[in-house]
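Two complexes follow with chain A in common, the first pairing it with chain B and the second with chain C.
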Partner chain A sequence: MEFKISSRAKKVTFTLMIVGLLAMIWGIFTEQSYIHTKLSEDGTQLTLSYPTHNNGENTDEEWEQFKADLIIAAEACHIQIMEPGAHGHDNHGAGHEVHAEDAHTDSHADETHGDGHGGHGHRAEPTWSISAHVIHTKEGMEAWHHHEDEVLPAVKAMVDSHKVGMPDHQHNRFWSNLLINGFFFFGIALGALFYLALHYATESGWGAVILRVFEAVMLVLPFGAIVLIVVFLAGTLDWNHIYMWMDESKLTMGEDFDKLLYKKSGYLNQGFFWIRTLIYIGVFWIFALLFRKWSKKEDNEGGVKWHFLQYRRGALFLVFFAVFSSMLAWDWIMSIDAHWFSTLFGWYVFSGIWISAMVMILMTTLYLKSRGHLPQINQSHIHDLGKWIFAISFLWSYLWFSQFMLIWYSNIGEEVTYFQQRILDYKFLFFGTFAINFILPMVLLMSRDAKRTWSILLIISSIVFVGHWMDVYLMVMPGTIMNNYQIGMLEFGMFIMFLGIFVHFLLRNLSKAPLIKKNHPMLDESIHHDF
Partner chain B sequence: MADKVIYAMYDDDDVLKDGAKMLVGKGVHVADVYSPFPIHGIDPIIGVKHTRLGINAFLYGLTGTTLAITAINYFMIQDWPMNIGGKPSFSMLENLPSFIPIIFEFTVLCAAHGMAITYLLRNKTLPGMPARNPDPRTTDDKFVMEVRVNENSQFSGDELQAMIKETGIIEIEERELQGS
Partner chain C sequence: MHKEASIREPLILGDKSYHDITEDVCRPIENDAPKAWYLMITIAGLVAMWGIGCILYLIGTGIGTWGLNKTVGWAWDITNFVWWVGIGHAGTLISAVLLLFRQKWRMAINRSAEAMTIFAVMMAAVFPGIHMGRIWVAYWVFPLPNQFGSLWVNFNSPLLWDVFAISTYFSVSLVFWYIGLIPDFATIRDRVTRPVAKKIYSILSFGWTGNAKAWNRFEIVSLVLAGLATPLVFSVHSIVSMDFATSIVPGWHTTIFPPYFVSGAVFSGFAMVLTLLLIMRKAMHLENYIHVKHVEYMNIVIIVTGSIVGVAYITELFISWYSGVEYEAYAFINRATGPYWWAYWSMMTCNVISPQLFWFKKLRRNLAFTFVLSLVVNIGMWFERFVIIVTSIHRDYIPSSWTMFHPTWVDIGVFIGTIGIFFFLFLLFARFFPVLALNELKSILKSSGENYKEGFGYGEGYWDKQAHHDEIGDAENDNNDSND
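Let's look at the complex of A and B:
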C-alpha cells in the first residue's frame, strides 16, 4: 500500500506555489502606508494624518507627493480640494497650487485607532486638513457628485480604499501576512500532532487506519515553524514592528516609556520570548519525530510494545501541549496587542488550530480515497471526521462567544478596546467570520446524511478552512496595521503559496511510509468500524 | 386465527443481532426487540423506521428560542429597561449578546423536557403505567425478540419457532397477543 505523488498532484501544488508567489510579489509592491482619515462632525472638513509611530519611514517628499496625487485624483472626479483658508475662492483647476500647511499634532489625537493607550511616542505627525467642492464645468454641467456634502466622503473613500496613498517601506502588511500564514499552517500541523497524541492517549480504535494521514500532516510542522521564526527574527532585528513590546525604547524612561509594557517586561522580553519559542517548537518537533519513529518500528517489529509506548508518551505530550498551546497563543498572537489580555485566548486559539487540522485531515483522506487508496476507510470513518468538524465548530464558537460576550458586557476600557477596534474597522469580517464558522457547519453538517455526503463535506470544510484563516487574520491584522487592511493580491497570493507548499510536503510525507499501519493492535477494529 | 406472538430470549446482544440478521434474511419480519440498553445497529436489521424524535427536538427548541426572545424583549426592553454595565436596554438587537446565554439555556430546557416527555408518552411509559415488556428480565441482562405470527403468514407458527430456535436462544415462549 505505497503511495506515490501523482505528477498531476505535483503540478497542482507547484502551480499553487508559483501563482501564489507571483500574486504575492505583486501584492508587496502595492502595499501602502496607513493614512488616517477623519471627517469633521459637520462634514465640512476632512483631516488626513499620517501617524509616524505606525509607519515612520515615509519621507516628507512622499507625503507631499501623496497630497499632489490626491488633488489630481480628485480633479479627475470633478472635485476640487481646498485648504481651509482657501474657502470661497472659486479658482478652477488651481488645485495644484494648493499646499496646505502641515499641522503638527500629538499622536494622542489618534487614540481611537491606536490601542487605546497612546503610548506610541510623541513624534510629530503630519496632518492635512482639507475641504472640497464640486467643480462646475464650463458647459454648466454638474459632475456626478450632485451634492456638496457627498464630496468629502468621496475623497475619504479614495484614501481609505488605497486608490491614493504612499508606499509602505516597512512592509507591515507583508510581515503581518507572513505571521498569519505561518501561524495558520503551523497550527494545522500542530493540531494533527495533538490529535494523534489524543488518539493514542485515549486508546481510540476507530481511527487506526487514518493514523498515517495524521502523521503526514503533523510532519509538516517545520514549515510553519520556520516561517514563524523568520517573523520573530525580523522583529528582533527591528525589520518589522509587529510586536511593540520588542521596542527597547518603551521600557526605558523617556518620552516613549510605556508603563504597562515595563510592568510586563518580566515575561515579555526578547530573551525569555526566544527561549519559550524555541522550547515550544523543539518539544513539538521531538514528539512528532518520536511518534513517527515508533510508528515505523511498530510496522517493522510488531507486538504491542510500541503501541503502549505511544500510549504513555501520547499522554505525556498532552500535558506539554496543554501548557504550551495556551502560552504560544499569548506569546505569538496575544502579545501583538500587548496592552490587552484575555484569559480565554489560549483555548480560543487552540480550538481554531484543532478544527483547521481536522479539515486538512478530512480533505487529505477524501483525496486519497478518491484516488483509490485507503480502501479500508469506509463511510463511518468519514462520518466520524465530519462529526469532529461539526463538534469543534461548536467548541470554537462557544469560546469565541464566551470571550466576546464577557468583555463586551463588562465594557472595561483596558479590555474592550480589542473588540472596539474589530467592530469599528472590521465589522463585516469580524461578525461574518463568526457566522460562517458557526452557523454554516451547524446547519449544514447537523444531519447524519450530510456528514456522509462527500460534496457537502468538501464544500463546508473548504469554507470553514478559509473561515479559520480569516479568524487568524482578525487576530493579527487589527493590532499590526489597524484599519489599513485590505484583502488583496498579497493575502490571496501568500495563502495560495503556503497552501501549495503545505500540501506538497504533506503528500511527500504520505509517500514515505505505507498508508496503513501494519501492526497497530486496533487495526482490525478500525477496519470494521461501522455504525 | 388468534394472534399469536413468539418471544425468544437471548443473553447476548450480538447473538440476538446475528439471529435477527439470519431470520430477516429468510424473510421473517421481526416486530420488536426488548433490551436493557440500545443495541447499536439493530434498527436497520429489523427495519425500524428512523425516529422522528429529532424533528420534535428541533421544534421544541424553536419554541424555547421564540418564548425566550419574546419574554426577554418584554421584560428587559419594553416593560422595564435597565442600565446594566453602562448598556441601557433600549434596543433588543444591540443588547442581544447579553441575552444569548438565557436564550440558549431556555432553548435547551425546552428541547430536553419536550423530548423526554414525548418519549415517555409515545412509549406509554409514564410513571404508574403498566409495563409493556414481555419479561421483567429485559430490564436487567436479557434480550427478547418479538415475532408476530400473523405478520409472517407465509410460515406457520411451528416453522417460525423452529427457525428461531436455531439462533442461539436461551428461552422461547408463545403467547396470545393481548390488546395492542
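Let's look at the complex of A and C:
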C-alpha cells in the first residue's frame, strides 16, 4: 500500500515552517543582552551590571543608551532614577562605575557568571548603582500611593522582563535554541533507530506492521545532525560561545586560565570532539541506511535471510548505541557546563530521546490510521505504543530523580551547582517539567481504556512531547545564557519551524516505501496481534 | 486467536498433551525422592547448621568476631547482603517484567525463579539483622510508637529506606509466587491419594475450583501484581545503591549507581537461575520444558545486563578522571592497581569480559559452558560488591589509617552458612512444590508446543486449521483460509 502526501499535509507543514521562520526572525531581532540586577538588602539601592565576559560585544554607547532608555521608561511610570553618588546618602565610593569584582558579592551571581563564556579579554564590567523615588506630581502621587517601597523593584522588573535593554549582537539565545532543537529532533530520529534495532534484536513480533513508521522517523536523522554540526562549527569558528572549553584562552596561562578545563583538555578539545561527533553521526547514519536497504530487499526478495541479518545487525547496533549514546550526551550537552559531571547523565539523556521518539512514532501512526492507511494496525498495537510511552516516562522520571536526588542529598559543591542554578533561576520550569513528564502520563495513561482512546493519547503525548523539549531546554539554557532566559517568539518560532521540517521529511520518507513490510516473517503474528 | 510466527523455536518439545504436562510436573512430588536428593539436602543441611552455629556465636559474642576494623567498618556483611538481594531480583523480573512483555518462555522458569527470589531475600535480610548486634531489638528498624523517649527511626537514612523497600519487595514477591501456586496446588490436591498430603495441599490451594470466573480473577490479579512488582524491581536495588551513593565517599558517590545496580542485580539473579535450573532440569527430567532455547534467552539477558554493567564500570572510570577531582580519580586508580587489584580484575573478567563469549551462538546454546559461566558470574558479582565496598574505604583520607580487610572464620562461616540455608530451602521447594507453573504452561502448549507447531507430521499450519474447525465450523473456516 502506497502513501501519498496529501495537499493538506503539505499545506500544514509549510505553514508551520513559514510561521515558525517568521516568528524566529522576529525573535532574533528582539534578543537582548543579559543585564544583571541586584537589589540591596535594605531595598534602597539597585545595582545593574553587565557581565562583559558573558556577552562582551555591546559598546559603551549602547550601555549609555540603555541607561538613558531606563530613565525615560521610568519617568513614564512617574519614577525618577537617582544616582546615589550625586544624592549623597551612599558610601559606595566616589564613582558609580564600580568594578565587577566589587559589585558581585552574592555567591549566586559568582556561580553563574564564573562559568561565563566568551572571553573577549577582560573589560571592566560596567555597573550602575541607582536608587529611585516617585516624581512628586499629582499623577505620580496617585499612582504610587502607599506603594513607595515598590518603586525600585518596578525598575528592576523593567530590566528583568527585557522591557528595557540592549540588543544582543552575539545571539547566544539564538545559538542555544539551535542546539536545543537540533538535539531534540536529532534525538527523535536516533530514538526511532534505536527502537527499530531493539525490535529486531529482541525478536519482537507485535510491531512488525509499524516498522515502516519507525524507518520513516529514523531516516530524518540527517536533519538534526546537520543542525548540530552547524552549531558546533559556529562554536569552532568562534561565532558562538556555547562551549566554554572551545576557548583557547582558558587553556593557556593567563588571566582566563581555567585549571579544570585544562585538566579535561585531553578529552574536551576541538580535534577529538570533531572526530567523535563525526563518528557518532556517521555510524548512526550508516546503520540507518543499511536497515532501510535490507528492509526493502526483504520486500522484494522475501525469505528469512534479511530478517535474520537485521536481527544480528540490530544487536550490533545496540552495542554501538550503548557506548555512543552516553558519550554524545557528555560531548554535546554535558560539556556546556564543562566543570560539572554526572555519571548518570548519558542514560538520563537517552531516556528522554527514547520517549520523544515513541511519541513521534505514535503520532505518525495515529495520523496514518486517521487517513485510512494501515488497516492492519489495530487497537492492540496502539495500546502497546501507549504502554511504551507510559513505561518510558517512568524510566525517564526514575533517572531524573536518581540523578537529582543523589546530587541534592550529597550536596557536594562541584556537583550541586548544576541543580542550584536550575532551582534558583528556573524553579518553575525545572520542577514543572518534571511534574508534567512524570505525573501526567502516570496518572492519565495508567488505565487500559486511556491507552486505547486516541484523543487521550493525542493530548497526553503532545504535552509530554513539549515537556521533553523543555527538558532539553533546561539542559542547555542555564549553561549558555544563565538566567537571561525567555520563552518567547524565538523559542516558539524555531520549534514550530523545526517541527514542520521534521514532519515534512518524515512524510516524504513514508511515501517512498510501502507502508507495510511485505515479507516480514512475523507479519502474520503482528496482524493477529490481539490481547 | 494468537498466531505465532513459524520462525520462532518451539518452547515445549516433544509430543506433549495437557495431561503429559501435569504428569511430568507432579511425578517428582508423588514419587519417592531419589537418593541424590537426600544426599544433597543432607549436605545443605549440614552447611546450614554450621552457618546457624556461626550466627549464634556471632550474636553471643559480638560483631568483633568479624574482621571489621576502624577504617573498614563495612565489608563482607554488606557485600553478602547486596549479593543476596541482587540474586533476589531475577524472580520478580521474570514473573513481572517478562509477563508485561508477553514473553512466553518465562513460564518454564518463573516458578523456581520466584522461589529463589524469596529465599535469596530471606538470606539477604540475615545480614543487616545480625549486624545490629542485638538482634532481639531488630524491630526498632520499624517506625513503631514506643515508650523509649526519643527513640525513632531516621527517615533521612537510606538504610531505613532499605527496610521499607525490601519488606515491600518481599511481601509482593511472596504474594505473587503464592497466587501462581494456588491452581497448581489444586491440581496436586486432586491427584494425591495419601490423606495427609491431600489435606495439606487442600489447605494450600485455598479451595480452588478452577472455574472460568476463578481463572479470570487469577489473570487480573497476576497483571495487577505484575504492574506493582515492576517498579519494585527497580526500587529495591536502587535504594540499596543509595546506601552508598548518597554518601560523599569517593567511589561510592556516583549518580549512575541506581540503574547500574539494578542491571547488576538482574545479571546476578539470572546467573543464579541458570545455576539452579541447569541442575534441576536434569535431575527432575524437565528437559522438554526448559531446553536450549530457554537457556539461550537467559544467556542473552546475561550478555545485555553484563554489558550494561560494563558500560557503567567504564563510565565511572572515565568520569572519575573527567571530574578533575583528585580523590575520585584516586579511588578508581586504587581499585585497579592498588592492593586489591586482584579483586577488581576478577570482577572485570567475570562480569564484563567472560559474558561476551555468549555472543557466539554455539557457546550460548552449550549447557555445560553456560553452567560454568553462570558460576563465574555469581563469583564476579560477589567481587563487584566487595570491590565497591572495601576498596573505596580501606584507604581513606589519612594514610596512617590505611588498612586491609581480613575476614575471620566467622565472616566466612556465616556467608557459607547462608548458601547452605538457601540450598536447603530450595531443595525442599523442589521436592514438595510444583516446580513449573504447569497450568500456565498449558496455555502456551498449542501456540508454542513443538508438535503443534510442526503439525503432527502434516506440515506447518495443520494445527491451526484443525483448531479453526473446532471453533468456528467448516464454512466460515474455508472462508478464513482463503483470506489467509
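Everything that follows uses one rule, which is that the second predicted complex is superposed on the first by the 487 of 531 C-alpha atoms of A that agree within 3 Å, B and C clash if a C-alpha of one lies under 4 Å from a C-alpha of the other, contacts with A are read in each partner's own complex, and residues count from 1 in each chain.
The definition used in the following text is that contacts are C-beta pairs under 8 Å (C-beta built on N, C-alpha and C of every residue); 3 or more make two chains touch, one makes a residue touch a chain.
Bear in mind that the values here come from a model prediction, so they are computed numbers and not experimental data.
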Overlay on chain A: chain C relative to chain B, clash or fit: clash
Touched partner set for A:W285, first chain B, second chain C, both or neither: neither
First (chain B), second (chain C), both or neither touched by A:W26: neither
Partner chain in contact with A:S342 - chain B first, chain C second, else both or neither: second
Touching partner for A:F320 - first (chain B), second (chain C), both, neither: neither
Which of chain B and chain C A:W274 touches, first, second, both or neither: neither
Chain A: partner with more touched residues, chain B or chain C: C
Partner chain(s) touched by A:W239 [first = chain B, second = chain C, both, neither]: neither
Interface residues of chain A shared between complexes with chain B and chain C: 405, 409-410, 530-531
Residues on chain A engaged by chain C in the complex (per definition of touch): 203, 205-206, 259-260, 263-264, 267, 304, 307, 319, 322-323, 326, 330, 341-347, 394, 398-399, 402-403, 405-407, 409-410, 412, 414, 521-522, 524-525, 528, 530-531
Chain A-touching residues of chain C, taken from the complex the two chains share: 1-8, 102, 231, 234, 238, 242, 245-248, 253-259, 307-308, 311-312, 315-316, 319, 322-325, 484
Interface residues, chain A side, partner chain B - complex: 401, 404-405, 408-411, 530-531
Chain B residues touching chain A - in the complex, by the definition given at the top: 40-41, 84-87, 97-98, 100-101
